[in-house]
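Worksheet for the structure shown next.
Think of it as A, B, C and D in the order they're written, each chain with its own count starting at 1.
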Amino acid sequence: MPHHVPPLRIALIGHGFMGAAHSQGWRVAPRFHDLPAQPEMTLLVGRHAAGVDASAAQWGWNETSTDWRAAVERDDIDVVDIVTPGGSHAEIAIAALEAGKHVLCEKPLANTLEEAEAMAAAAERAGKDVFAMVGFTYRRVPAAAFARDLVRSGAVGEIRHVRAAYLQDWLHDAEAPLSWRLQQEHAGSGALGDLGAHAVDLAQFITGQQVTGVSGLLHTFVHERPLPGLESGRGAVSVDDAALFTGRYTGGAIGSFEATRMATGRKNSLRIEVSGSHGAISFDLENFNSLGFYDATAPGTRQGFTNIMVTEPEHPYMSAWWPTGHPLGYEHGFVHQAKDFVEAVAQGRQPEPSFADGYQVQRVLDGVQRSSAQHSVWTETL
Amino acid sequence: MPHHVPPLRIALIGHGFMGAAHSQGWRVAPRFHDLPAQPEMTLLVGRHAAGVDASAAQWGWNETSTDWRAAVERDDIDVVDIVTPGGSHAEIAIAALEAGKHVLCEKPLANTLEEAEAMAAAAERAGKDVFAMVGFTYRRVPAAAFARDLVRSGAVGEIRHVRAAYLQDWLHDAEAPLSWRLQQEHAGSGALGDLGAHAVDLAQFITGQQVTGVSGLLHTFVHERPLPGLESGRGAVSVDDAALFTGRYTGGAIGSFEATRMATGRKNSLRIEVSGSHGAISFDLENFNSLGFYDATAPGTRQGFTNIMVTEPEHPYMSAWWPTGHPLGYEHGFVHQAKDFVEAVAQGRQPEPSFADGYQVQRVLDGVQRSSAQHSVWTETL
Amino acid sequence: MPHHVPPLRIALIGHGFMGAAHSQGWRVAPRFHDLPAQPEMTLLVGRHAAGVDASAAQWGWNETSTDWRAAVERDDIDVVDIVTPGGSHAEIAIAALEAGKHVLCEKPLANTLEEAEAMAAAAERAGKDVFAMVGFTYRRVPAAAFARDLVRSGAVGEIRHVRAAYLQDWLHDAEAPLSWRLQQEHAGSGALGDLGAHAVDLAQFITGQQVTGVSGLLHTFVHERPLPGLESGRGAVSVDDAALFTGRYTGGAIGSFEATRMATGRKNSLRIEVSGSHGAISFDLENFNSLGFYDATAPGTRQGFTNIMVTEPEHPYMSAWWPTGHPLGYEHGFVHQAKDFVEAVAQGRQPEPSFADGYQVQRVLDGVQRSSAQHSVWTETL
Amino acid sequence: MPHHVPPLRIALIGHGFMGAAHSQGWRVAPRFHDLPAQPEMTLLVGRHAAGVDASAAQWGWNETSTDWRAAVERDDIDVVDIVTPGGSHAEIAIAALEAGKHVLCEKPLANTLEEAEAMAAAAERAGKDVFAMVGFTYRRVPAAAFARDLVRSGAVGEIRHVRAAYLQDWLHDAEAPLSWRLQQEHAGSGALGDLGAHAVDLAQFITGQQVTGVSGLLHTFVHERPLPGLESGRGAVSVDDAALFTGRYTGGAIGSFEATRMATGRKNSLRIEVSGSHGAISFDLENFNSLGFYDATAPGTRQGFTNIMVTEPEHPYMSAWWPTGHPLGYEHGFVHQAKDFVEAVAQGRQPEPSFADGYQVQRVLDGVQRSSAQHSVWTETL
């Protein structure tokens, strides 16, 4: 962290679990990467003063506030980092962009397609010196980034099949309590927006192709759940527990998608398999320091899936870290995100993925919902 | 093989790769299982005398014939075992049933839904002493049978998710030659009937539930292929290379299906994952002496997928074989099929799966084709 | 099985579990391989008439006898196949060789080094037209044979490390009953001879190197076990439960060895890892249709262990079997052994491994015992 | 990080790769754990002013120095953290302890047994309020700590077998250059001290047993290597490339050990397998968010190795981190080490492992060297 680089002063809006992850990203990125600007953890913003003060002390933010509107206007803030629930993303992000701040916004971009579209438009309006990025951090897992590199290099050839599934199981118990994540008014959708967004983005990122249409099936297995905490009685689940869909890609591939929080035994399994005319790739977030690669051009008796430990210094992001064979963890994605964001902004480049990218993912998810509501009929999304 | 049991005299119609597998089944079953009747390899039937004679000598059949119609009428034949291409299944099977012979018929039951229906009706008409069975041998892989036992025992609880995929890659090379399997007039359909039939049957077998409706997507990646052998030029592929579909099950589960012969790197991967309120199961034919089982009722810190080697004497079919830890191979499924068929027929019971079961699988596949032709719209199949 | 080839008439001495396996080998080999002679299951020999008659009926042997000495003298016997306990191998094998019969003898060659030496000498004396082979069938697992091919091709380079372990767990329960396998007078040694022999042979086979010296540690965990059956009381275990040793190889490699029947959870795990200057190989009998191969000459970012499914027609033994991706099972090793034996004998070649090879393995095991008795001091074995 | 806790002021001596790891530990620990004292990154000490200044700026240390003797005497330093090469550990650690500072020292404790003994004695002399700890961080991998918990709980029963191997491959290329790690005068030993120390410590930690004696085999495959950098010519390798040894444990178990930097394809594979009368455990650092556990008391048909993702909040260290299923990385071990050290010191408890523990590990390694020099003869180590 050379001292002569300019500061990049950050306000973090929100301080749930994602706040901890983003804080770790800003804190650690400059310790392992030589950055062209120095992120400063200037301001933490939350709704309740006591809570935000405790979080700021824990995580190392210099100041706190309960007024996000004031925060995004402050002259001494360069970046607004938004980790609130999806329903407030649009309002905060648009205000920040209009105030000329760079914005990093957690995924999904918004709870509704309209909001997402407005955010993408605001980013467009903000001009060429103000940048907005949506936080699909799994792109920054080295094995996922290396998968994309392999595809780009032609190692997979012409892609035919994409299998994308994001499987979790924290709702598999029908007596797990109701939460805001299970209510449409707060969460927009269920597994579809929470997990399906990641699956769509990562599949598109690795393949370099976009989803052109879908046939969807949303399903809710448990329609009522106990109210949380000390409340008695039950409340209605108004979002999907699971989403299944098929899709077509711009490059001619076809694919399956699944997003569920009821896949008993799967804790955080985001699996992407891509197969093409020359090879195949297999990725699973539960084993995320590795990538499976099949080279169909190798001698026939020696073909098979190679379990590549993506920990060589030549692999994406890895030169900054440890000797070969030493694994990274979940929050390294946030460190890499901070690095990429700082580098792009400091160098006047648009960081990837943009709000337009996030909006495109939302269109796919919206297509799934519309298809599901119309007997799974094929629905264009591009 | 006690000598006092009655014989069960078999005529095998067809002698391709499946003929070798069925022959091994009849040959080996009585050497490891105590059967209530003794299968005798009486007659091998094929179209060309020279070929069928060579096969009979290789495999150990007593006689040969080129006339299947005569064969199914012979008094000294008890069982007609059909391993010809699907287009001739109906004619042979119906004639055999009408002649009062028990019938074992390879899957898929037929190339068309009409033929399959006629076969199921013929089996019904044949009366309570004549039995017909369709050869979904993967039910007889011990790990698959044990998966069904676990579901029946309640170890998985209420099933929510079923993931069924049958992935092969022998067509991934766009220059692989055309064959009858790629022509609708001979094969009926492509990956759907060849591989999807297995996926549907096995998913239904393990879960004990049937598919009530589907949304399907059939796709052909390579529309023309070189003519085989010495012919020059190219011919049209008129079947699907791949089938993707979603489905609902009678018990409330939802599921995804995939069948493809272009999943580069997957040689014979029939994967079934089932997850429910109490646990989950994971099966892959490429590693078929094992079964993954997740027990969600175990102590929290000790939960995980258990890799059960399905080689204990208490596991299905295994008491006849080797000490624990000694794996079985592909053709053991045919040995178990022979055993189950002989036992059921000798004891006057209907062997599973029946022609009615095979017809029901065909209805699902037909639904996939109709849905795919109608923009993937949801299509009832039950 | 063309009918014009000469017969090879076999007498099988012994009819325990290994009798079933060898019978399957002789039965099935000619059905899948074109052999230059036709094995005939002529005579089954056992100690008790009733038992041997039942086994012969079950397995399909034409005649039975309780007199092995007469059997090995019969003019209508060409091959004596010995599957009795190790203590009787020498007497039977030497008599058969002196009678001019080809001999196939189960491993370990004998219970004592002296007997093994005598057998190797008898095989030598028998002349150039009479052949003796010891039954290390795991050499005939296609993945193991392919591992040897990879080493021979130079794909591993100069070998440095060999890890060989044969782990079972059927004695892990201290209340498992005493059996002849736990008594030195019957079994010679415990895990060392039973499992260690396989580990040494397979490691030497794959590497093409021999063990020149060892440092050994034998250990018995459970010194008394319940008497079997209806007997009360306990009897002494007089063999090793486990053997650990290190060794050096003729080509400069060093290696570790383990043999145990108390490795809880490991059912039949014979693992061989070989690493060298150019690559590495990883084999496990519990997953024996696959081989791990690491190519250290591949591009750096793409290196990793490749999980090769050893089911391609170009892989050893596989052209006779099923389409790619269809696995073999335990008894296929016995089918391949029968094939290799018949081919060598019919063509006048010495089948591998010879009795001299079996004797050399015994010398290594003897060295382990001597080293263990002398505070693990290094002991030459070549 | 509550502000009212007392500071714990740290001087870090050394700033190579281990300096980066320790810095990350001190930096991150208070952000995720509520600590009873606040680690402050006060002083970084190195030999060359420019280098240490750059590292301090990169890693966030407040001050720098090139005089470790002055550093360990400073009143404003509470903890001396030593990450220099092993040859200087004793001098620095003893001086720090004599100055009344708490000491954390990287492993191996020292290059020679004499130095290690002196360090343990110095720690003993330092009195009950001054604490010394050796940095075997792999004990702090949650899966390893959970393995120990399982053993303690009785889930493995009476331990019989321990397999411990630490396999790397960064020296497999015979043309990899000479470095200080390959020269006895600088490194003490080769793979034995570098990797074997971890294997011995972790095996003892998980089992709760100590190694009582060994039979060892040290080997150097490549005796000369190119001089590094721009120098021409070759220099002698004077340490072991690989160490193999067998051992006995205080509780009656026997075990194998391997340490090598030439296990082609293994990047950082520290594997520990423990099997006992009731179950077994399997750990591999290359897949370190998981633990294999075999429960031999489960119903027979459901036994198998369970792949436990050690990411539940009830698992060791995990409540501080992310939702279930989100993996940790290599440096989390250093964060946990910092946490455990701070907690113990602030609460007046001896942190584990102590210098006495580190010295005991050295005695085992010394026994291996003596045994290897004496034809592998058994050598007591306790």
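In this section, a contact is a pair of C-beta atoms (placed from the backbone, for glycine too) under 8 Å apart; a residue touches a chain by one contact, two chains touch by 3 or more.
Quick caveat: nothing in here was measured; it's all calculated off a predicted structure.
Participant: Can you check whether subunit B and subunit D touch via the same residue numbers (shared by over half) or via different ones?
Facilitator: Here the answer is same, because the shared fraction of interface numbers exceeds one half.
Participant: Report which interface contains more C-beta contacts, comparing A-B against A-D.
Facilitator: By the number of C-beta pairs in contact, the winner is A-B.
Participant: Return the distance between the CA-based centres of subunit A and subunit B, expressed in whole Å.
Facilitator: 41
Participant: In whole angstrom, what separates the CA-based centres of subunit B and subunit D?
Facilitator: Taking the mean C-alpha position of each chain, the two centres sit 54 Å apart.
Participant: Taking the mean of the CA coordinates per chain, how far is subunit A from subunit D in Å?
Facilitator: Each chain's C-alpha centroid was found; their separation is 35 Å.
Participant: Would you give the residues of subunit B that are in contact with at least 2 other chains, written as numbers and ranges?
Facilitator: Within subunit B, residues 266, 303-305, 309 contact more than one other chain.
Participant: For subunit B, which residues are in contact with subunit D within the complex?
Facilitator: Counting only subunit B, the residues touching subunit D are 146, 290, 293, 295, 300-309, 312, 314-315.
Participant: Which subunit D residues qualify as touching subunit A in the complex?
Facilitator: So the residues of subunit D touching subunit A come out as 1-3, 17, 20-21, 23-24, 27-28, 31-32, 57-60, 168, 170, 266-269, 286-289, 309, 311, 321-332.
Participant: Flag every residue of subunit A that touches subunit B in the complex, lowest number first.
Facilitator: Touch residues, subunit A against subunit B: 160-161, 163, 165, 169, 172-174, 215, 217, 219, 221, 241-242, 244-246, 252, 254-256, 258, 260, 262-266, 275-280, 294, 296, 303-305, 375-378.
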